[in-house]
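There are two complexes below, and they share chain A, which is joined by chain B in the first and by chain C in the second.
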Partner chain A sequence: MRRYAADVAVLARKDLMLELRARDTLPAMLLFVISALVVFHFALPSHSSDLAAKGLLWVAIVFTALVGLTRAFVAEREQRLIDGLLLAPCDRSAIWLAKAISVLAFLGAAEVVALPAYAAFFSGIGWSTVAAVALADIGIVAVGTLLAAVAAVSRTRELILPLLFLPLAIPVVIGGVGASVVGSPGRYLGFLCLYDAVFAIISWASFEYVVTE
Partner chain B sequence: MTTVLLGGAVALIFFYAPVDQDGLNQKIFYFHVPIALTSYACFGWGALKAFQHLWKRTPGADLESYVAIHQGVIFGAMTLVTGSIWAKVRWGVWWVWGDEQLVLFLVLFLFYCAYFMLRFSVDPGPQRANLCAVYALFGVVLIPISFLAIRLANSYIHPTVFTSNGPQMATSQLATFCVAWAAMLSLAYFLYRFELAGKRLDADLKELRELLA
Partner chain C sequence: MTAVEPPVIRARGLGKRYGDKRVLAALDFEIESKGFMLVTGPNGSGKTTLLRLCAGLAIPTSGELEVTAPRETIGFAGHEPLVYRELTAIENLDLYGRLYRVPERRERIGMLLERFGLWEARNERAGSFSRGMQQRLSLCRALLHEPALLVLDEPYSGLDDAGAELLDRELAELRPGATFLVATHDPARLMPLASSRLGFA
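Let's turn to the complex of A and B:
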């Protein structure tokens, strides 16, 4: 158990170091989410309700996550890093967990900027939205990291990831938007917890089959 | 057998089952619901075969899973079409977002279309079988999660026929419904065997050609 945690920590550190040196994912995500919010401002006619803008915030979050996920396995694929990782004497699911942690860190960093920007551009956000975003992030990166590994194997890579991911993200959007717009968000937050738990477990368990033959 | 059941079902639907307050439109219920249930059965069977492939490496389970999901998608498309016709006659519009089953089928339809995109963008081999199996397992988990999400998102306007108190139908309606369901299941099974036989023949032929070359 301690070994597993140590493996995960080393692998996650590797991804964060790579990002610190190359700096290509996080700036792209930040720029993307701000641009998306500006586009949404012009997509909403004046006098449209704050609720509509809340819905668009969730669209921005899901697509920003997609930008990060598309980049998640680029080094593994292009530099054939994945072969080395598979030869390493560690559990394969540790690779998934480490990657999910690093993507979660990028997505969280993008949202630290995006949520205040949203509050400045549109309307203030309550604690329930913040809680829903935090819970949704876990589900998004759990499913998304596994699907990014799947997409990395296919010929159409960047093209296929949104197709695989969006149908699975629909429940997250429903839970998130519900928690942001209703008075008592408990049911929706509970649903997001359920989604996180179910999909984290099956992604964790099935990652090995995705990367091996 | 399939022909007899289908013929019997059509005869029962049009000459035996009584017309209720919905009028003739109610007849589509005997097609729509059995097709939808059959489609679920196909997806479930596909996921079961996928699980067998991952767990026990049963030879041929990958192909069986693919064929079952293919049939499921065909029946799913038919569910969307019949459901849409029902909505048009009953509520006067082609599409109702309030209808949970219809929305759920749309989500599943998108999900399984992505399954085909994935399958056709990876080169045939053991890794493709693994990826498809993992994705098929995600699908069977997505069904209850999406159902819950859509129920959370919507008001409830789909006519409830099966409740916890048992089916609220006259005996003649229930009998007709069961025959129609059996007919659809046997049709799906027949198509499944038929496509599977074709695909297996194809594979054998390819093998023979390679041996001869």
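Let's turn to the complex of A and C:
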């Protein structure tokens, strides 16, 4: 277990270091989420309900995650670096977990900017929205990282990833919007927890089969 | 009486297809422990696919392939250097050294970088390296964990004369202690080291 954790830490540190050097994922995610919120601010009529605004917040979050996921395996794909990681004597699910952690870090960083921006453009956000966003992030990166690995080996990866990811993100949007707008969000937060657990286990267990030719 | 060691690699009726395309068909061979097998043949004949199968990077679609060497004892150098462009030479080797649990990692990395003439460039990003320097770094990565089975695909590719002579010396030094599977377009260079040859048409 300690060995597994050490491998995940080494791989996640590598991904964070690559982003620190290349700076091509996080700036893109930040630019996208702020642009989306600005567009929504002007597109949504002034008398629109809070429900509609919260829905748009979730649309922005899901698509921002998609921007990050599209870039997740670029380094591994462009020079077949995934081979180097697959050759290493670490559990292959550690590669998935490390990549998911790094995408989660980027998504979290984008949301640190996006949520205050949403509050400024639309309305304040409560603890239930923040909790829902945190839970949704885990589910999004769990399933999204697996699908990004699937898409990375496909010639039509830019098309494949959204086609696979967006249908699977619908429950996240339902749970997230629900938790953000109802008075007692426990049921929706529980649903998001269940989604996280189910997809994290499926993705963890199936990653090896996805990345082996 | 000495016990006969089982072959490190044994293939029986080995085949690989990618969709409708048959890349390898009904291949039989063995590499004994401490053997050195040369794989030769024209481009597209399946050499790289065979090496990827033996390294565990691909799964056969037919036949049997038994590789007794555990994953942590396999060193692989392929067409791509398998190093991150944004990381320095030393950071790349440190990454792999940690994943392979290389004992006395820093000393081993320093020794390899020195031996392959990359010590002066150790803090430069791999992306700024020439093709030859990237190949040297790739060989450092493949040798970092002192592998018992070396799978090398065109190891001389991109190397200048000095680099090629350096690799000659390294392979000759490693030859008695490891098993080799090497694909090459220049079999004459490696023939003195080879114990068997597998030719593709």
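Here is the rule we go by: the second predicted complex is superposed on the first by the 213 of 213 C-alpha atoms of A that agree within 3 Å, B and C clash if a C-alpha of one lies under 4 Å from a C-alpha of the other, contacts with A are read in each partner's own complex, and residues count from 1 in each chain.
Keep this in mind: contacts are C-beta pairs under 8 Å (C-beta built on N, C-alpha and C of every residue); 3 or more make two chains touch, one makes a residue touch a chain.
Everything quoted here is computed from the prediction, not taken from an experiment.
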Report task. Return first, second, both or neither, reflecting whether A:7 touches chain B, chain C, both chains, or no partner chain. Result -> second
Report task. Kindly classify A:81 by the partners it touches after superposition: chain B alone (first), chain C alone (second), both, or neither? Result -> second
Requested in this report: Applying the touch criterion given at the start, work out whether A:212 contacts chain B, chain C, both or neither, answering first, second, both or neither.
Outcome: both
Report task. Identify the partner contact of A:188: answer first if only chain B is touched, second if only chain C is, both if each is, neither if none is. Result -> first
Query raised in the report: Given the touch rule stated above, what does A:22 touch, chain B (first), chain C (second), both, or neither?
Result: second
Requested in this report: Tell me which partner A:202 touches in the superposition: chain B (first), chain C (second), both or neither.
Outcome: first
Query raised in the report: In the superposed arrangement, does A:68 touch chain B (first), chain C (second), both or neither?
Result: neither
Report task. With both structures superposed, pick whichever of chain B and chain C touches the larger number of chain A residues. Result -> B
Report task. Have a look at where A:89 lands relative to chain B and chain C in the superposition and call it first, second, both or neither. Result -> second
Report task. Take the contacts of chain A with chain B and those with chain C, and give the residues found in both. Result -> 212-213
Report summary line: The chain A residues in contact with chain C across the complex are 6-7, 10-11, 14, 17-18, 21-22, 75, 79-81, 83-90, 212-213
**Report entry** Footprint of chain A on chain B - complex, ascending
**Finding:** 54, 107-108, 110-111, 113-114, 117-118, 121-123, 125-127, 130-131, 133-135, 137-138, 141-142, 145-146, 148-150, 152-153
Report task. Please name which positions on chain C make contact with chain A in the complex. Result -> 52, 55-59, 70-72, 74, 76, 78, 80-87, 91, 95-96, 98-101, 125, 141
Query - chain B contact footprint on chain A (complex, rising order) - result: 143, 146, 150, 153-156, 160, 163-164, 166-168, 170-171, 174-175, 178, 187-188, 191, 194-195, 198-199, 202, 206, 209-210, 212-213
